[in-house]
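In the two assemblies presented below, subunit A is common to both, partnered first by subunit B and then by subunit C.
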Partner chain A sequence: MSPRTRGTARAGQYVALLCYLVFLAFPFVWLISTAFKPAPELGSLHPTWIPQHPTLDNFRAAFDEQPLLRAAANSLIAAVSAGIIAVVIATPMAYVTARHRSRLSTAATGWVVVSQAFPFVLLIIPLFLVLKYLHLINTLWGLIMVYVVWSLPFALWMLVGYVRAVPPELEEAAAVDGASRLRTLVSVTAPLLAPGIVATALFAFITAWNEFFFALVLLKTPEKQTLPVVLTHFLGAEGASDLGPLAAAAFLATLPSLVLFAVIQRRITGGMLAGAVKS
Partner chain B sequence: MTLASATVQSERHDPPGGGPPGKGAARINRSAGTWFLVLPALIPILVLSVGPLLYGIALAFTDAQSGRTRSTQWTGVLNFQDLLHDGLFWDSFRIGLVWAVGVTVPQFVLALGLALLLSQNLRMRWLARALAIIPWAMPEVVVGIMWRLVYNPDAGILNETIRDLGLGDGRDWLTGLATALPAVILVGVWAGMPQTTVALLAGLQNTPHELHEAAALDGAGAWRRFRTVTWPALRPVALSITALNFIWNFNSFALVYVLTNGGPGGRTRLPMLFAYEEAFRYGQFGYAAAMGCVMVAVISVILAVYLVGRLGGGEDR
Partner chain C sequence: MRAVLRTAAAAATALALLLTGCGGGGGRADGRITIRFQSLAWQKESVDANKQLVKEWNASHPDVRVQYVQGSWDSVHDQLLTSFEGDEAPDVIHDASDDLADFAYGGYLADLRTLLPDRLTADIPQQSWQTSTFDGGVYGVPFLQEPRVLIANTRILKASGVRIPTPARPWSWTEFRRITKELTGKGRYGVAWPLKEPVSATLNLGLSAGGELFHRGADGKVTLAMDEGDLVVPRTIRDQVGTDHSAARTALGMGGGDTLPGLFGGKYAMVPLGFSFRQQVAEQAPKGFEWTVLPAPAGSAGLAQGVSPQTLSVAQDSPHKKEAVEFIDFLLRPANMVRLAKGDWMLPTGRAALADPSLHSPDRGWATGAALAGALRSAPAQSVRGYPEWKDKVATPAFQEYYSGAIDAAELRKRLVQDGNRVLARYQR
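Moving on to the complex of A and B:
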């Protein structure tokens, strides 16, 4: 390739990359811009990218219009519980699955794939009846139970990858040195596994924090509802909605998962990549 | 036997790095210790996932309704017969297929382009990587709200851009009969690009570098190198990610619920929205479960096609 055509190709790549940047960023920039615009600018027929007179009024109005704090607290309780419980019960199973190839691990992997394919409606109707029987409809506990089971396949998937990354030779060496099985797990395996476990828990947290469908079906009263469900209350019946507070609330609801995702992004993509390539 | 001795013993028999299950693996599975480790995850899975799924399939053969579940009767295949004649359901099914293909295909093409760009040594690569992650981390509800702000007929940036470019007055994209489905499809493409891009980037890391260089030395152009070196290595990942994307898209709910709630006039009513309304607005649990079964059946066919395609592609590598 001549230097000239290579230069043209490079330029073309940069133009393409720029197009992607614009396409990916513009809705998000618009959301933030809308969140900080005062009412007159929101009503203007010629909206601008950058607010002329930025204001925090929309954030105040958002908290006045809907019980956002309570909804955020509900989301936090549900997501933290789901993240912790999912990891606590998934880690031992992931360890066994990763260290011993067996029908169990084949079944576990198969179930991960199958569970992705089922339309949630086929799961939620019977779950609704079961939770109703247990008097757990419209409770956070019912929702947490659903979230734990729902995040288990992916938690297992990620954790199995992390366990496989710990060389069994290390454990064997410790065993040869006379360490007990428990001791080996605690002082050799656990420290190496810890970052992966934390990443998995955070990922389960994010998926629960973002989840909408189960929360919509299971939580009936506004005091119990999670943030995504409460956000939809900002949307008026006929599509008429208070744009500023809507944007402000939506922006706030995104921040926790964006921040956490930025923190664990490499681990998640790494885990996902390992799964995608090896399977 | 204690847990510790059982596991250590079996590990010694287990060939490191996996391989076929040996005697050790067989023994560990029977030991009480392993079950103790596995049960905390297995019980919730069986009770709250596998069980309800089977229960859900059973409900499809009953007249179960919300509020009178005790007097539920077996009705055989009646629900499925009714579904066969339910024009609205098949409309929504057709819309679901159009939506799933309409999202999955451009999503794949765009993600492939982005993944190829990101694997190059370009300057703004980190920014593109960071931005590409945003849609992934956002709650679907927020993605829907965000795009409603973009599509807003008066105060939205899309119509303003159209006006600025002198292309007319713009329109109400989400409530127009002709524009609603394309408009939500665009949002679906945007929202699902990150996972696909990341998966394809992983596939690209698998591409043998030496082959690439050898092909370049032989004078192969970019397209030829892509076709003969990159694509064969990428194919397995590409197949699995498109199949999964298709399934996820076909089953999606939150995005369209927030954007249009199935409107206008049912033009964007995906099967999940239809089944949700049937179950939780009209209380027709049995009928909605039957819809879920039909959706699973179609998805299984697609999975089967995907598996066959994947097996067929195995010889390329």
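Moving on to the complex of A and C:
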């Protein structure tokens, strides 16, 4: 390939990448723009990308009309707890499944994958009844339990891939050097698994942070409701909506996920790559 | 989704029996009880009015505390169904009458006939009670309703010189078609029909021309039949879109709120919308935009149109049905009903509330809406079992294709009636 052809191909790649980025960014940019537009601009026949008269009124109205901070705190508690508990449970399970292959572990992994195919609506009523029996309806702990159960299969599946990417030879070498089983796991395997654990925790966090239906059904009192449920309070019947405050609240709701991604992006990338290559 | 949920609900019943005993109520040892009121109010004024009324009740009823629970129109049906199955339903339930049939026939809601006070029964007109009456039982108190009206750009109307309709002298459907042609000009359509959900709009307005579509026989079974009256509204819309080009084709796929920028920008002279959309118009209209509220066109049955009012019901499993109904009675006292109606920009069903002078002000179209209240009827398909499936699988695509010009009236009739009767028959065996 001549340098000129190579340059053209590279330019084409950048253009394609730029188009893809624009496609991905459009909803978010539009959300931000809407959040800062005053009411008359929201109803304009010729909408603009950048608000002509930017205002914080939508944010004020959103906070004034709904308990967003309390809902965000509830979401944060549920999502962080679900993320931590899911990886604490899934990591040893994944290790055993990956290192001790048997028909049972293969069947268990297969069942885990199949269980992801069940729709929410089939699970919600039995789950509701079980949680009621445990007196966990209308509690964040009940919701967290559901989120952990819901994200656990996929978390396990993800982590099995990461564990398999850690060469068993490293653990064998540590054993030859005299390290105990526990010491090997803590000092050799765990650090190598860290990116995968972070990626899995983030997956569980985002699943719980965005989840709506379980939270709607399980939480009864306003004090307990999470952010996705509170966001629907800006919507009326037949598609009517309080668009400005809704956009402002939705914009704020996306921030924690974005911040989390920004902070641990490098670890996630490492984790994804580690999980992608299996020995 | 509802069918799947129902199947899941049935499957879960056995588990329910194993895991749970009878549900406990909100009773307490000290004699005080708590009843939960799930409200779907969502606009700020409406939420404030509801919360304030709960506060006033709690202040004056120390033994019966009401707890306000914020519900959401989104997924309310599935949320309630799960709550009913789990014996955790709120005592007082806010919903729309067209969502009640499944719950009423399923035995989840209390029949209120013996519980309602005479004052409330007499205050709400029979045609409103009809919207929440299923199989002879009354399963909700209809308290707010909204007619479909025409929200119009006043300047365009005045400049055109057309006759401005009033509830006493509305436009006929023929006159409406002619006037939308007159209002159409360069870059402007006379009307925009937001028909993302075409079925309820078409059926409800169709009552004005005598269209009923659903006919209940002596045996109680419902069949579909389509006569000339049923075709007046669909034909007018189709002609406006396809023949006269006085209605914007692009609006057919829009929701009500999506058409407002076009109304504000002068692209549409009129938009048929629910009465409560006035709130969005008042809030979002640019400075200087002049708008008015006109009655929907009338046909052989005058201004009649179908509505599905908002309702308050009581859960069958509630251990405090009497107190729940007392709270509903308090909430719907005439002065309180007016507060709720104004908060939602809707009309109260109660005669006494409707007589309140503030609802007869010409400001923001209140008077026009109030004048239409007497013409509002139960939506044609309200109590028909199988209607949701007919609407989703048969009627919605058929009307969409008819309005876009893809099929003619004969094909529309064939689909709505023949295919529709097959659907209804499965529910009425």
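Simple rule for what comes next: the second predicted complex is superposed on the first by the 225 of 279 C-alpha atoms of A that agree within 3 Å, B and C clash if a C-alpha of one lies under 4 Å from a C-alpha of the other, contacts with A are read in each partner's own complex, and residues count from 1 in each chain.
Heads up, the rule we're going with is that contacts are C-beta pairs under 8 Å (C-beta built on N, C-alpha and C of every residue); 3 or more make two chains touch, one makes a residue touch a chain.
These figures come from a predicted structure and were not determined experimentally.
S.K.: For A:K220, is the partner it touches subunit B (first), subunit C (second), both, or none of the two (neither)?
M.R.: A:K220 contacts subunit C only, not subunit B.
S.K.: Could you say whether A:L122 touches subunit B, subunit C, both of them, or neither, answering first, second, both or neither?
M.R.: Both: A:L122 reaches subunit B and subunit C.
S.K.: In the superposed arrangement, which partner chain does A:P228 touch: subunit B (first), subunit C (second), both, or neither?
M.R.: A:P228 contacts subunit B only, not subunit C.
S.K.: After the superposition on A, what does A:W209 contact: first (subunit B), second (subunit C), both or neither?
M.R.: In the superposition, A:W209 contacts subunit B only.
S.K.: Considering only touches as defined above, state whether A:L246 meets subunit B (first), subunit C (second), both or neither.
M.R.: In the superposed model, A:L246 contacts subunit B only, not subunit C.
S.K.: Between subunit B and subunit C, point out the one touching more subunit A residues.
M.R.: Counting contacted residues of subunit A, the larger count belongs to B.
S.K.: For A:T8 in the superposed arrangement: first (subunit B), second (subunit C), both or neither?
M.R.: It touches nothing on subunit B or subunit C.
S.K.: After the superposition on A, what does A:L152 contact: first (subunit B), second (subunit C), both or neither?
M.R.: Touch partner of A:L152: subunit B, not subunit C.
S.K.: Is A:I137 in contact with subunit B, with subunit C, with both, or with neither (first, second, both, neither)?
M.R.: second
S.K.: Could you tell me if A:L45 is touching subunit B, subunit C, both of them or neither one (first, second, both, neither)?
M.R.: In the superposed model, A:L45 contacts both subunit B and subunit C.
S.K.: Residue overlap on subunit A between the subunit B contact set and the subunit C contact set?
M.R.: Correct list for subunit A: 42-47, 119, 121-126, 129-130, 212-213, 217, 232, 234-235, 239, 241, 243.
S.K.: Going by the contact rule at the top, pick out the subunit A residues touching subunit C in the complex.
M.R.: The touching residues are 39-40, 42-47, 61, 64-65, 119, 121-126, 128-130, 132-133, 137, 212-213, 216-217, 220-222, 225, 229, 232-243.
S.K.: Per the contact definition, I'd like the list of subunit C residues that touch subunit A in the complex.
M.R.: Against subunit A, the touching part of subunit C is residues 1, 4-5, 8-9, 11-12, 15-16, 19-20, 36, 40, 42-44, 47, 67-70, 72-75, 78-79, 82-83, 85-88, 90, 96, 196-197, 255-257, 260-262, 264-267, 274, 276-277, 280, 283-287.
S.K.: Across the complex, what residues on subunit B touch subunit A?
M.R.: 3-5, 7-8, 10-12, 14, 16-21, 24-26, 28-29, 34, 37-38, 40-42, 44-45, 48-53, 55-57, 59, 64, 69, 110, 113-114, 117, 120, 122-125, 127-128, 130-143, 145-150, 152, 154-157, 160, 163, 174-175, 190, 193, 195, 198-199, 201-203, 205-206, 222, 237, 240-241, 244, 247-248, 250-251, 253-254, 257-258, 271-272, 275-276, 279-280, 285, 288-289, 291-293, 295-296, 299-300, 303
S.K.: Mind listing the subunit A positions that touch subunit B in their complex?
M.R.: Touch list, subunit A to subunit B: 9, 13-14, 16-18, 20-21, 23-28, 30-31, 34, 42-47, 49, 88-90, 92-93, 95-96, 99-104, 111, 115-127, 129-130, 145-146, 148-150, 152, 156, 168-169, 171-172, 175, 180-182, 206, 209-213, 217, 227-228, 231-232, 234-235, 239, 241, 243, 246-247, 250-251, 253-254, 257-258, 260-262, 265, 269, 272-273, 276-277, 279.
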